[in-house]
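Take this structure, written in structure tokens, and hold onto it; I'll ask about it next.
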Amino acid sequence: MNPLLPFLMAGDPSLEALPGLLSEARSLGIEAMELGLPHSDPIADGPVLQAAAQRAIGRGATPLRVLEALAGITDSPDVILFTYLNPLLQIGARRLQTLLAPTPVKALLVVDLPFGEEPAFEADLRAAGYPVVPLLAPTTTLERARQILLERPDPGPGAPFAQRFAYVVARLGVTGTGQAMDLGPVSARIQQLRTISARPLAVGFGLSDPRSLAAVRALGATPVVGSALVQELASGRGLSDMLSGRLVGDA
Amino acid sequence: MTTGFSLSSRFGTQSLGGCYAPETLMQPLLDLEAAFRAALADPAFEAELKTELRNFVGRPTPLTPAPRLAAKLGLKALFLKREDLTHTGAHKINNALAQAILARRMGKTEIIAETGAGQHGVATAAACARLGLACTVYMGVTDMARQAPNVARMRLFGTRVVPVEAGQGTLKEAVNEALRAWAGSCDRAHYILGSALGPHPFPTLVRSFQTVIGEEARAQVLEQSGALPEVVLACAGGGSNGLGLLVPFLGDALRRVAVEAGGHGMVLGEHAARLDGGRMGVLHGCKTLLLQDEHGHTAETASISAGLDYPALGPELAALVLDRKVEVRRASDDEALLGARQLCEAEGILPALESSHALALLPALAAEGVATILLGLSGRGDKDLSTYQARLGI
Amino acid sequence: MTTGFSLSSRFGTQSLGGCYAPETLMQPLLDLEAAFRAALADPAFEAELKTELRNFVGRPTPLTPAPRLAAKLGLKALFLKREDLTHTGAHKINNALAQAILARRMGKTEIIAETGAGQHGVATAAACARLGLACTVYMGVTDMARQAPNVARMRLFGTRVVPVEAGQGTLKEAVNEALRAWAGSCDRAHYILGSALGPHPFPTLVRSFQTVIGEEARAQVLEQSGALPEVVLACAGGGSNGLGLLVPFLGDALRRVAVEAGGHGMVLGEHAARLDGGRMGVLHGCKTLLLQDEHGHTAETASISAGLDYPALGPELAALVLDRKVEVRRASDDEALLGARQLCEAEGILPALESSHALALLPALAAEGVATILLGLSGRGDKDLSTYQARLGI
Amino acid sequence: MNPLLPFLMAGDPSLEALPGLLSEARSLGIEAMELGLPHSDPIADGPVLQAAAQRAIGRGATPLRVLEALAGITDSPDVILFTYLNPLLQIGARRLQTLLAPTPVKALLVVDLPFGEEPAFEADLRAAGYPVVPLLAPTTTLERARQILLERPDPGPGAPFAQRFAYVVARLGVTGTGQAMDLGPVSARIQQLRTISARPLAVGFGLSDPRSLAAVRALGATPVVGSALVQELASGRGLSDMLSGRLVGDA
């Protein structure tokens, strides 16, 4: 099981720093990580990621520049590109594949793309090796969850975690605003989802302290840490420092 | 629980619209569509809505012939559909009230809304007070400043107005924030979207609650003049009053025209004219004509009118335009101001800045030889007084 | 040319009213009465007025049941007659438009008016723009400051607003100045008086153009509830909306109540409550209850509401009160503010400060055991936003 | 023929000055003059008389104080009390007679009292020797003029000018705002009125310069000078100076 799924915002603090950060993550044993593509209208993000995206855009971290910066990087965890649909649509599925090819990106997490809305686009990308990560929210019924997992199928144990996992949104709301979370409902939710699927699960939204992370791991799922990392990174803390503390800990 | 949409979520030959929502909002949207369909099938809903539209909102609104303005412009006849006379002063109340009734049927106790010009916010605040629902309205800080009277009105109705600092501080950012808030409270809250935009079923919902405008207007213009006009004309922000007025005329052999905000220039960022200036894209849950830069980032917009500066044209209206069933024109800030002044002086009616964009097109239509026009006066201009004073030197 | 009045110019057992006008204005007043009578006898006048009231003003205005406010106050039923939904936002337009049509019939090309709250000024400005008549409105400087939005609206309609510096700078001084101006231009100008006051035939003229309110309301309340209410209630400045609402109920076995401005105290100068505080006197051409000092000088008044601070109660309403056909009560500034807030929060309707005085009486009536009330909501509160903000801390 | 009918505002510049002013007027041969009772709402007065009334009220010139100040004065022209109705109504007809008795007041000019509105009040006062002056405005039709003169009849040559004359309002508008007037219409009007009445006529509203006054006199009528006098008096000029210049002059 992948012990942690960190999230970073591309271009924050800078695009130049990105290769170093990815390499650093990998050296800590991080198998996969999410990389946010800064967007003008991040409707599912809380204040921390909004501000990070804003800073990154201000520093010129456009989608193409981000993909350029990723091109050729091999010393990296598998990257899950966390993004909104419109920038991808504007690039187009074909061109996107070309741009993604030289990068460590292995999957796409498209916040505002439910299955079925862009079937051709999504199928093209999956065929090219860029599956769209299934998201399961607290509002997602079990029936709908089954459908989502079917529409965005597990490529099987031969594929890397980045292409297999389903993202379990731990609570209502947007990214990052979590306080110390009651993990009871998450635990129940994971048990419930286990009845319909055996694929790897990541749990995100509002996780931060080592204890919560360990608790998620104890449930057999991979915790996602996003806003906390982005904030600490912005305040000058080193990635290794931040991650290493979060890779251990008791539930 | 519903697991799939039943109503079509797409518009026109290019399949605009859709439901590009974060997963958290998918079930609420599915539930909303189901509740909407159930309401439409329930005579009690229709009866309640109709009663409230009559007794509270003041429907039917009049159709006012404007003979002096018509004569001044060289038109044979001009008719104004008077949404400015509704309670709270704009067409927005038709939708806000209907959705509030729907929300109460769904057992929701809280309402979230965004607002640009403030008219939708005021309408929602009024509907919520009327129905006893708690209400929070998100509003960009720029809009709060330029539509200050509407902020005060919302607060008087007991609504919490939350300032949105991000970006340009206008409608787009308010929608972002409202969507975020809804994702955090969708178990108990309904989001009353204010225009025919956003993820399915909102565009359909909003349009269907606004076509009362065109249905009334069509019957009224036939009654008053014995004929349909050559042109039916409305301004278009998100598109709710445009669709509301124009859709009931879709089967008629006449020109349907929507007017976008031309702002103060032709360069991206200086206007909110989505037809020429926009490309297909996805914003706030739907695919439509969108003002955006080459990176797929939403572009800044400019308009003197807070209700018309939204960077996307609602998907159904955009589809009608692309399929050539509706024409789109633009009017600049200055033309809108002139249009407002002319209506004030010729007919004693103070239009909202939004509606003034439709008025601004009248001289051009007259010059094209059009003789009879029906114009949607979507709202009153009381909220825009300070702008009119400053810009017209009153 | 007419040489004597044909209509009765006096009201009630104490013969209030009359025509105490400077000689210069006598023939214009005689001519006005004649024109009024001719108009009433002319189906074309009635038809034009009716058409304009429907198509331009938005009549009939709704009767809105207010169940949540009723429940809060312990009433069984409360109905609001929605003059706030008329074009320009108050009952004043009913009279202003009718007189403007009359003036045009008389061949007048200019209109003079006074205004206090600005609603009559705005209504007159709108009617004049609509009919193509030049318009000058006299307004006290204090009122211009506290009702600034209405000043801007008048100017947008092309009306000249003349500030009146004299005295307290409120309605009384504006009437003085308008009467003076009329004396100088009565050969070409008509004076559209805004309330049921002034010399004959104005009180009768204004009342007769306002009873449409009560006629509609009576039919509506019967239709909606199957019965008449126990109390019909309206605020009273000069008395035009009060008479307009109450007169059609004069034949009914129910209580008719008018509410005066209690201001901020009981001493002369701190209120505008003419029944307790006033003595019979003559002001602005008619005999009626008047707030005055022992010298027969008109007293200063105080009210938070610019439309209720007139020192005289219109003669017909005063006569009805003295003859015990209408009760008069008072509501203070603070009570009116509370009444406004309650309506805002319970029903999503923002009342004019004037109308809030009627709302302010509801708790007292409920405490007296009254169960069903019909209240005249004479206007909307947009013009009063800054006062509400300041006084309610919004 | 009475050559001039001056108007003064009681209490302006002061009530104390009033006896002296009246005596001065009389010594100049003024037979009758109008004296304004300052009122709070002088709807027929222009700015000059409004301001004078305001000043006078500010200095305490209430109706009772004015009548008190007049009481016992004998060295005075006949006084025509120029007033609005309400102060008189508040005093009441009976009490008013008592108050007027010791004064030089011989008639009342009640600006806002058309004949017929307070018949008992007016009849009482007339019976007591205080007739109400008939006013004839430019808007008054000849028919109405006849009626007015009938309702407020000429007591006959035995009575003083103050009780006999009819006041011809020379133009539309309020007191005082006149510029150099075209006397053509006034002349026509006087000729017209002569066809229905032989009583003395005074002509007022807007007259000021000696030439206009002389022209009115040449028409056989008495000119009224009001606002001009009040203004000059307020600016410190002496009454004799002001009047003597206006008692002569060519038409």
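A, B, C and D are the chain letters, set down in written order, and residue numbers restart from 1 in every chain.
Please note the rule applied: contacts are C-beta pairs under 8 Å (C-beta built on N, C-alpha and C of every residue); 3 or more make two chains touch, one makes a residue touch a chain.
Because the structure is predicted, anything quoted here is derived from the model rather than measured.
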Remaining touching clusters (ignoring chain B, no chains moved): A | C, D
Touching chain C and also chain D, the following chains: none
Whole-Å separation of chain centres (CA-atom averages), chain B against chain D: 66
Length of the line joining the C-alpha centres of chain A and chain C, rounded to whole Å: 66
Centre-of-Cα separation between chain B and chain A, whole angstrom: 36
Centroid distance [mean C-alpha coordinates] between chain D and chain A, Å: 96
Category of the chain touch graph - line, ring, star, complete, other: line
Chains touching one another, given as label pairs in label order: A-B, B-C, C-D
In the complex with chain C, residue positions of chain D that touch it: 39-46, 50, 54, 57, 62-64, 84-91, 111-114, 117, 135-141, 143-144, 147-148, 169, 172-174, 177
Footprint of chain B on chain C - complex, ascending: 54-58, 61-65, 68, 82, 85-89, 125-130, 132, 149, 152-153, 155-158, 224, 340-341, 344-350, 381-382, 385, 388-389, 392, 394
Partner chain A, residues of chain B touching it in the complex: 1, 3, 18-28, 166-167, 172, 175-176, 179-180, 183-187, 279-285, 290, 292, 294-298
